[in-house]
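Look at the two complexes coming up: chain A is in both, with chain B in one and chain C in the other.
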Partner chain A sequence: MMEAGRDNVLLSVNNLTVEFATREGDFPAVRDINFDIDRSQKVGIVGESGCGKSVTALAILRLIEPPGRITSGTTILKGRDISTFSDREMQSIRGKEISLIFQDPLTSLDPVMTIGKQITEIIKKHQKGISSRDAKDKAVELLRDVEVPNAEKRLGDYPHQYSGGMRQRVMIAIALANDPDILIADEPTTALDVTTQAQVLHILEKLVDERQTAVILITHNFGLVAEFCDKVLVMYAGKIVEQASKHQIFSSQNHPYTEALIKSVPNPEILEAGDLPTIPGIPPSIVDLPPGCAFEPRCPLGNGVDICKQVIPPRVQLSDGRSLVISECHFAQDRWNQKE
Partner chain B sequence: MFRVIGSKTISSIITIIGASVVSFILLRVIPGNPARLIAGPLAPDEAVEGIIKEMGLDQPMHIQYFQYISDFFNGDWGFSFSAGQPVQELFSKRFPATIELALFAFLIAISAAVILALLATYRKSATMDRIVRSLSSFGQGVPSFWFALILLMVFFESLQILPGPEGRLDPRITPPPDVTGLYTVDALIAGQWGTFRDASLHLLLPAVTLALAPFAFLVRMLRANLLDVSREPFTLVVRSKGLSQWSTYTRHAMPNAILPTLTVGGLILAELLTGSVLVEKIFNWPGVGSMVVDSFLRKDYAVAQAFFLLSAALFVLVNLVIEIMYGFIDPRTRIQGAEES
Partner chain C sequence: MSENQHTKELSQGLRGGEDLYLLWVNELVKDFSLRGGGFLGLKEERLRAVDGVSFDVKKGETFGLVGESGCGKSTIARCILQLTKPTAGEVYLDGTNLIELEYKELQAFRRRMQIVFQDPYSSLDPRMTIKSAVEEPLIVHKLGEKQERMDRVEQILFQVGITPDQLERKPHEFSGGQRQRIGIARSLILEPDLVILDEPVSALDVSIQAQILNLLKKIQRRRELTYLFIIHDLIVAEYFCDRLAVLYLGAVMELANRDTLFHKPLHPYTITLLSAVPIPDPASKLKKKQIILKGDPEIAVDRPVGCRFQPRCPVGNDRELCKAEEPALAELEPGHWVSCHYPGELSLTD
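Up next is the complex of A and B:
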């Protein structure tokens, strides 16, 4: 179905739903989402805070902690259904085939363990029988790869002796230590200042290109997506409301939410003329989802329209022969046809 | 690093000197003439005068103080007239019993606290957590004399599996040859297994009684720390590296959770080492605590004075050791130390 052909699919997430138990009942943080990632593809997951981006990442690694739980869905990694794996089997996937980088480098490292030990820990876990000396050499090499100066000497330092940007480089080194197939980067640069962001992103991009690592980049920054990704998933209130290639997303937005998101990227030329464009209203809480389309109350097109209010929009696949757009909007087909 | 240790040692010594001044003054301001007390109410005034001269009580205060300090370092801690023995001999006879009991109790408190804090948080089971928290409340609330009596009633009187309140050993067993003064260790050194077993069994009930309150406090603290640490993002990072939950706990969560309890642990140990009056009384344990109380009751202040100075020194010393240890264990304080020097 996808233009790339099934052989190339690395990871396939099908009908994934994650629910959180509360006193009032179970509420879905991620609702029935589907997507594929090809080998060495860079996929961006974009959306506002709380739309389920991070939960999706943790659900792929099966690291959802109670009261959250995965209530349905399969995750196929290189032909194996890892959603049926035991926790022990998942341990051999985590950090080896799929790695994770978190948002806040300041709290992502154990404060009382040396940087060196935190890197060799992941090497020793997955490369059984490797000698301490080899693991250490490998750690030095990784620190050099992420351009930490004085790598050998800084191996014995503790996290508080590293700056935020340096710590995020260490996180990248840890995540790439075992040459994973997929790297999930959850807002990897959000906590850093702008110049550091650019440096860290540059290092990340260079290393994943060298290693042909597929990347899931979770972000709310469309600028980052434009720079970094091949494919974009737009999430809203726990659903993937639109997915398409980067080119398609930026050239022909079919979902009103995607359109609104892209319009609210600050643009210096427009900015001088007036206010920063925003999407009015706030995303619905997962404990109080509207019966129809979750975006309906804020939607410039669908607000007040009966079908949008009452019916959850189905997945519509739109193709111009070259690329495919999957959109969950009642107006998707009409808007697509208008453009054709 | 060494400069930090040096400056901490100096401040510790100053504290101990302060304690010695207080203990010296304390004895001078207590009403009653010690010479009269020693000589007895019926002794003639000349005899009392003689004793005053002999003890140096007619000298100026500062000379008396330096005399007191130099005597203390020469092993002359005064004379206990109620026991008819030099105070130093009394202490060297009593201290090993207290040390053995204190170390045993400390070990029990720490290991029980670590294990139960782990049980309370590891599986995230609400029932287990409730049980551990109840145990902690019980331990903090129950008076030790009551708990000791209950233990004796159950294990000595009813079940008859543990010895009664008869001190450190069965009266029929001769103590092992003296090396460290700790019967269990000495028995092991001498290879006397029967004596070791008997000494351990005698230790068990008083040690458990003593351990209860510190355990209750430590388990509460450790549990809270473990919960805090396991909410830290880095534990999720460790899991995402592929480590099992057990390894995440033992290698990352535990060290982070135990660090803040070090200081409290040291103070608890110091407190245990100064002896417990109630527990020693109930179990007829020949330790320091019961001796000090007896000496107070008999107005035998020489013992009290020595005890005061010794326990002050002990607290300061334990604190010093803990602070130095902290520097070695916690990288954050270690670096501050390095930057100072």
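Up next is the complex of A and C:
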């Protein structure tokens, strides 16, 4: 299921580092990350605040603004290295080959432009020569796809006349208008009620499955990951500490952070009367990263261990022939061997 | 059954033994007027945010108010705390109706109920040291001398994990989780009986949520506190609450103890809500079917007759009784109240 063959790889991010310049010096928000996205694969990027997951999404689309900058890495999209593309070349990628939706549709949608105009605008931008009539028809079709009732009439409404859930569905419509290969969704349902969230995800899943669109879902909600994703990337302090299939991540975590994090998520299957397991301490700030593993101070395994304190853990590929796990931990191989 | 008779039965049913109950909310109503409706914006419309809500909270328990935006849970909290005056209904704290009290009498009761807010980033004054922020309630209520106050402040902050060397710092120097601890300390300094927790962990990372929830439990045990927990995260609600009320557009749909509500719910809205919660476990057998609601919640402005959930209800949508008559909140089994004409019809296991 994983790594089905190199020609299946749609996007390949290699050695990506993003730094932010401050008066005190340059600090990395994302440090030497590597991952692949296959065609129609649904990948979740999880991690707590400050881990770098949103910066990763912006970096893929070269939307990092100063004082941030990408200081290393290549981003190969369908065989081409887009990390060297000019801004003009990137404009033909954004919204067409890779789309992005954010948490808050209110700030992403222009409040003084009708919904219809915002959809047709993105269609016309990437389908040069399309007639206004055709673009409008396409817009109506998209609104119907995302289950907005009275689609034709509602083209003329403004964002504030739509509910929160509807606005997010419109964002999905806009993002999918030009049939992108990849949709990046950064906390798309965090601001929504749980029933609205279910509605939006149901529609999103239906559409991406129909169109075979790959999805990168950035979230802190493990429930969404369990329901929606195929593969999971766990980030901590700017690094991808573990990558594995969804089933692997939930059933047997290799990296101690992944294990501690999953355990601290309240799970109705294993509701205990006692205290919830926690991770002591707080995530480090990027201006204060230790020389070795960033998780070491909080790690039940590595806390106090010299190599963990001094040496950044290498990326280790672990395979048993069926599944592949990539883990960045000095104990990764040992832990893998133990579970056999 | 006449309305008065119904209310009386309801209130007698809800309040089992009087001294057991710390808080009793009875037929609470809160209207907000909206200008700007109608021609020329002159029409004044009324938004009924809370529409006859009744429930009570036993001493020492954690009672959950669960619901989505527009359900009225935050407005109910504000009415209980007398931060806003209800349009109708009563709020009894330990047997006294707070609505009838004069300002000075109310002050004495105010000490007994405190609130912890959702957003640790905006609920602390950025210009005050945390020492001053936590001391402030004592000054407002004119309690203790300077040294006594300082001792209490240090002690309570220590109990929530903030050490004395951090007292002179300002909020921005702390993380979200630490700020929430400070907010909790501030709510406890007056030694209240009731603490209202308004989404206390929603803005926090998962591993920090766990820390704060454990802290809240520990404090509750130690101080015999009663919690009113306003929450939208149903998994956390199941973990934390003893009894819960599910609210929709200002009214109680279902009220029951934890096990009943989560394992044997009867109201279609409760069932839909539970089915919508994503379970953080792909191998889970808990969710057999997911019910997706159509449409969007309507704002309860001059709401027409009938059940408020009917337009979106998988069971009652299009049924005559549901369209014509609002169902009464009825006790279907001891302690289990449901407001529905066809309770139990919806199932997750078909």
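Some observations on this one:
One rule holds in what follows: the second predicted complex is superposed on the first by the 331 of 340 C-alpha atoms of A that agree within 3 Å, B and C clash if a C-alpha of one lies under 4 Å from a C-alpha of the other, contacts with A are read in each partner's own complex, and residues count from 1 in each chain.
As a working rule, a residue touches a chain if its C-beta (ideal position, glycine included) is under 8 Å from a C-beta of that chain, and two chains touch if they have at least 3 such contacts.
The shown structure was predicted, so the numbers you read here are calculated from the model rather than taken from an experiment.
Partner contacting the larger number of chain A residues, of chain B and chain C: C.
In the overlay built on the shared chain, the residue A:79 is in contact with neither chain B nor chain C. In the superposition on chain A, A:129 makes contact with neither chain B nor chain C.
Look at A:25: by the touch rule set out above, it reaches neither chain B nor chain C. Applying the stated contact rule after C-alpha superposition, one finds that A:321 touches neither chain B nor chain C. Legend: residue contacts after superposition of the two complexes on their common chain; A:111 is shown touching chain B, with no touch to chain C. Contacts of A:278 after superposition on the shared chain: chain C is touched, whereas chain B is not. With both structures placed on the common chain, the touch criterion links A:194 to chain C but leaves chain B unconnected. Contacts of A:166 after superposition on the shared chain: chain C is touched, whereas chain B is not.
When both complexes are aligned on chain A by C-alpha atoms, no chain A residue touches chain B in the first and chain C in the second.
Residues 48-49, 147, 149, 163-166, 193-199, 201-202, 220-227, 246-247, 250-251, 260-262, 264-269, 271, 275-279, 282-283 of chain A are the ones that touch chain C when the two sit in their complex. Across the complex, chain C meets chain A through its residues 68-69, 175-178, 205-211, 213-214, 217, 232, 234-236, 238-239, 262, 272-273, 275-284, 286, 290, 292-297. Across the complex, chain B is touched by residues 58, 61, 63, 66, 87-88, 91-96, 99-100, 102, 104, 107-114, 121-122, 125-126, 158, 160-161, 171, 174 of chain A.
The residues of chain B lying in touch with chain A in their complex are 124, 232-234, 236-245, 251-252, 255-256, 259, 329-332, 335.
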